[in-house]
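Below is a structure I'd like to ask you about.
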Amino acid sequence: MQQRNWKKQLYEVIYEADTAAGKWFDIVLLFLIGVSIALVMLESVASIEAHYGDLFLVLEWIITILFSIEYILRIVCIKKPLKYVFSFYGIIDFISTIPLYLSYFFVGSHVLIAFRALRLLRVFRILKLVRFLGEAAQLKEAIRASRTKILVFIYTVLIISVILGTIMYLVEGAESGFTSIPRSIYWTIVTLTTVGYGDIAPATNLGQFLASLIMILGYGIIAVPTGIVTVEFAKQSKVQTNTQVCSNCHKDDHRDEAEYCYNCGEKL
Amino acid sequence: MQQRNWKKQLYEVIYEADTAAGKWFDIVLLFLIGVSIALVMLESVASIEAHYGDLFLVLEWIITILFSIEYILRIVCIKKPLKYVFSFYGIIDFISTIPLYLSYFFVGSHVLIAFRALRLLRVFRILKLVRFLGEAAQLKEAIRASRTKILVFIYTVLIISVILGTIMYLVEGAESGFTSIPRSIYWTIVTLTTVGYGDIAPATNLGQFLASLIMILGYGIIAVPTGIVTVEFAKQSKVQTNTQVCSNCHKDDHRDEAEYCYNCGEKL
Amino acid sequence: MQQRNWKKQLYEVIYEADTAAGKWFDIVLLFLIGVSIALVMLESVASIEAHYGDLFLVLEWIITILFSIEYILRIVCIKKPLKYVFSFYGIIDFISTIPLYLSYFFVGSHVLIAFRALRLLRVFRILKLVRFLGEAAQLKEAIRASRTKILVFIYTVLIISVILGTIMYLVEGAESGFTSIPRSIYWTIVTLTTVGYGDIAPATNLGQFLASLIMILGYGIIAVPTGIVTVEFAKQSKVQTNTQVCSNCHKDDHRDEAEYCYNCGEKL
Amino acid sequence: MQQRNWKKQLYEVIYEADTAAGKWFDIVLLFLIGVSIALVMLESVASIEAHYGDLFLVLEWIITILFSIEYILRIVCIKKPLKYVFSFYGIIDFISTIPLYLSYFFVGSHVLIAFRALRLLRVFRILKLVRFLGEAAQLKEAIRASRTKILVFIYTVLIISVILGTIMYLVEGAESGFTSIPRSIYWTIVTLTTVGYGDIAPATNLGQFLASLIMILGYGIIAVPTGIVTVEFAKQSKVQTNTQVCSNCHKDDHRDEAEYCYNCGEKL
């Protein structure tokens, strides 16, 4: 009975944010994640790493051990540990904690840095708990609703890029940087999205003419995702219908102010 | 009678996607198109072509022969072959199949690669059959409806580009890359569409001042196509309410499918 | 009487587009403008000018003489010649016709080329006559209505650019191209509008950090003009109110379907 | 009594713009700010500073003294001087006036230039007084209302930038300019916001492939702030109709100021 209580209290601290202890836990965690990400960044700057490399390693070990303890506690105090372990955040927690241990065995495992950067994703969980992201729900819903349209759009953009990229490869050739079709397609995407690095740029007259057409096309095309998302937002932020279901005909999606079912006239 | 049946079955497999065979035919075709486009791309990378050139040629011959068979079957099993041959997809099918045969007679016909890339367009036909693109209809309709407005807009952008390009040519001159008026117009479009390669960039103070004005202009102008398309989308996707008024409580703005007043339950 | 008639007929041909002759006149004029602009462009390409310079000069003289005749005829056949001469298009006609004559007296007057490019603006008059630009009215109205908001917006962008440009000048210094505050402001506008040439780019860590902030700011700011214009478009394309004026109370702006004045109840 | 009057009159001239003197005061102040900002800019151009450096110093001293007098007068004539001194504009006034005095003691205090550029902010106060910015209120309101959504959006963009920047650092390495993770994140933001300097650009095939994905992502993401702001604008500027229903003909959707039914002329 007492052990149950202990686990329950731990659960409240780790997984919830209603108690003072729970809030402190989240704040400490946020701080540790921040320090950890800062370490990943600073280690990559050669001049800083040369001076403070040893300090960074010590700090990284401390943080890794703290995250490991947190990971174990999360498993201990939850009722269905396996469900947590194989959940999205469970996996993120695991692969963002383990890199340092692995680097102990496999010297110089460079790629593991990326996994440590994933710790940043854990911030979303904490924010979710404190309900800061309540505002984000509407955004997410709007993007979700326009998912299919955006996919169709991206697919069309990709096809256009492949065909225009091939044409530009034939027109420009290797001298101005269009050394292969994949590279030409890369250039077309750079141009169509109005990024325009300039690492590859058309040099011939015909190439510059075609490039101008692609730019104007891209300039017009950018209107499409904007239009899609804007309309979705507009729908979302209009007077909401609620999720009431008519007890007589089971129709849902009633207006908020509705008092009678619009389908069968039953009082709601 | 039997021959008719045979043709009809073939038609169902090739042109439709309701039967299992028809679906498999589409999937195989999609796969072949994918491999074919991958070949076009990889052939253009000099280092890969040097190693696997022979393999690529064999694969390309296999795919070309398969596409040729498909093209003949399409003609055989349709009732009005000429209508297919001169349809949009009929022409695409033809000119995307023939390049390899032509390269047999005309050695080194480089330009034919572009025709092979057109195979990608065939993907649209397959997707149309499986009704995946149902979502795209609304997008297409919105773009079609705002066609005239967008043309007027593009025409205005072009006139602005020509005049500003001429002025920049006079202001900057050949040293900073503005070697001719067409090239200056190219630069103006690069700037106005916010692409900004940097292969040509103003070096004089006056040139940089004018460039700043052009950028801010372009920044504002991008709002126009976005506005046009968004409004069209909004029109398309508006959930319709009608202007019926309840005879009992005088409430209006009922859904189109409503049969009872949502406020008092009176039959509409 | 007869002279009057002759003038009237000429007026119909030149200023209107209802008769067959009037339409032909417009088409010939469009063609001449097109050739003229092409000449301006080709002359500026050194390699082409070297070969065809003499031909270009002859063609330019022919076109200039034709435009001169047109200009005189326009003055002759109109009732109030002075009003035309000092109208927007009257001035454009004059300064786009005169450059060649001036170059006869002042050898090498380079700047005059820009005036010749202004001929392109005359295209708008022709298009206006054939009522092609009817669609453009709505666009123009929307932009006109949001004029004040857009000016406030551009003014804010400029102030932000000056302050951020000054800060970047202090942070980066001359080595990475930030040689003076005006040039830094130019760079800030290049960045804020997401053009990004790369002719000037921050090299220090602090500079790159500030640049990142400016980019994200610019990325968000672009939403503002788009929002303004979209909302204006939406207003314009909604159910229109008409210009009827109530005979009783002189209120205007009635709905199209209105049968009674909304202000005094008078029948419209 | 007289002194009071004198102070009151001064207050009206300095803080208000209803009297002729008040308007002239604002115009002179606007002019001085303009000259002052122009000085800051021109001083930074080495070639101009070399010639006119002495003149600039004299002008700067004159303007600084005028601004000092203005600052003292503002304190003298207001009822609660401390409230002004610690207000937003009070602080701006102080730190934009003091740099020249400080440079007298600390030779070569370069950073103080930035403070002088802050004078530009004072323009906003003057414009506020003459009610020019009335139009801006709606813009500000719309941006304020979508503040939380935009913060969530920017936060998401930053997290995406950190993770993608880390991956690009691992993929590309130091040769193509991705020398550290912070620099890679800088590049990711440059790409995601479609700025695209080209000072750092991916050179490997995998890097260019990932860059293409980031660009298309950025191209789609730009729709989000646009959508948010547009919907807010639309809400703000909606022409209000009310829900009154005519007691005679049951027509609804009347204008707010309507006193009679637009359909049947019945008094509402």
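Assorted remarks:
The first chain written gets the first letter, and so on, giving A, B, C and D; residue counts start at 1 in each chain.
What we mean here is this: contacts are C-beta pairs under 8 Å (C-beta built on N, C-alpha and C of every residue); 3 or more make two chains touch, one makes a residue touch a chain.
None of these values were measured; they are calculated from a predicted model.
Of all residue numbers used at the contact between chain B and chain C, under half are used by both chains, marking a mostly different-residue interface. Looking at A-D and A-B, the interface holding more C-beta pairs in contact is that of A-B.
Centroids built from CA atoms put chain C at 42 Å from chain A.
Taking the mean of the C-alpha atoms as each chain's centre, chain A and chain B sit 28 Å apart. Each of the following residues of chain C touches two or more other chains: 182, 185, 194-198, 222, 226, 228, 230, 234.
On chain C, the positions that touch chain B within their shared complex are 37, 40-41, 44-46, 110-111, 113-114, 117-118, 120-121, 123-124, 133, 135-136, 138-139, 142-143, 150, 154, 157-158, 182-183, 185-186, 189-190, 192-199, 222, 225-226, 228-230, 232-234, 237.
Chain contact summary for the complex, chain D toward chain A: residues 148-149, 152-153, 159, 162-163, 166-167, 169-170, 179-182, 185, 191, 194-198, 201, 205, 208-209, 211-212, 215-216, 218-220, 222-224, 226-228, 230-231, 234-235. Looking at the complex, you find that chain B touches chain D at residues 194-198, 226, 230, 245, 250, 252-253.
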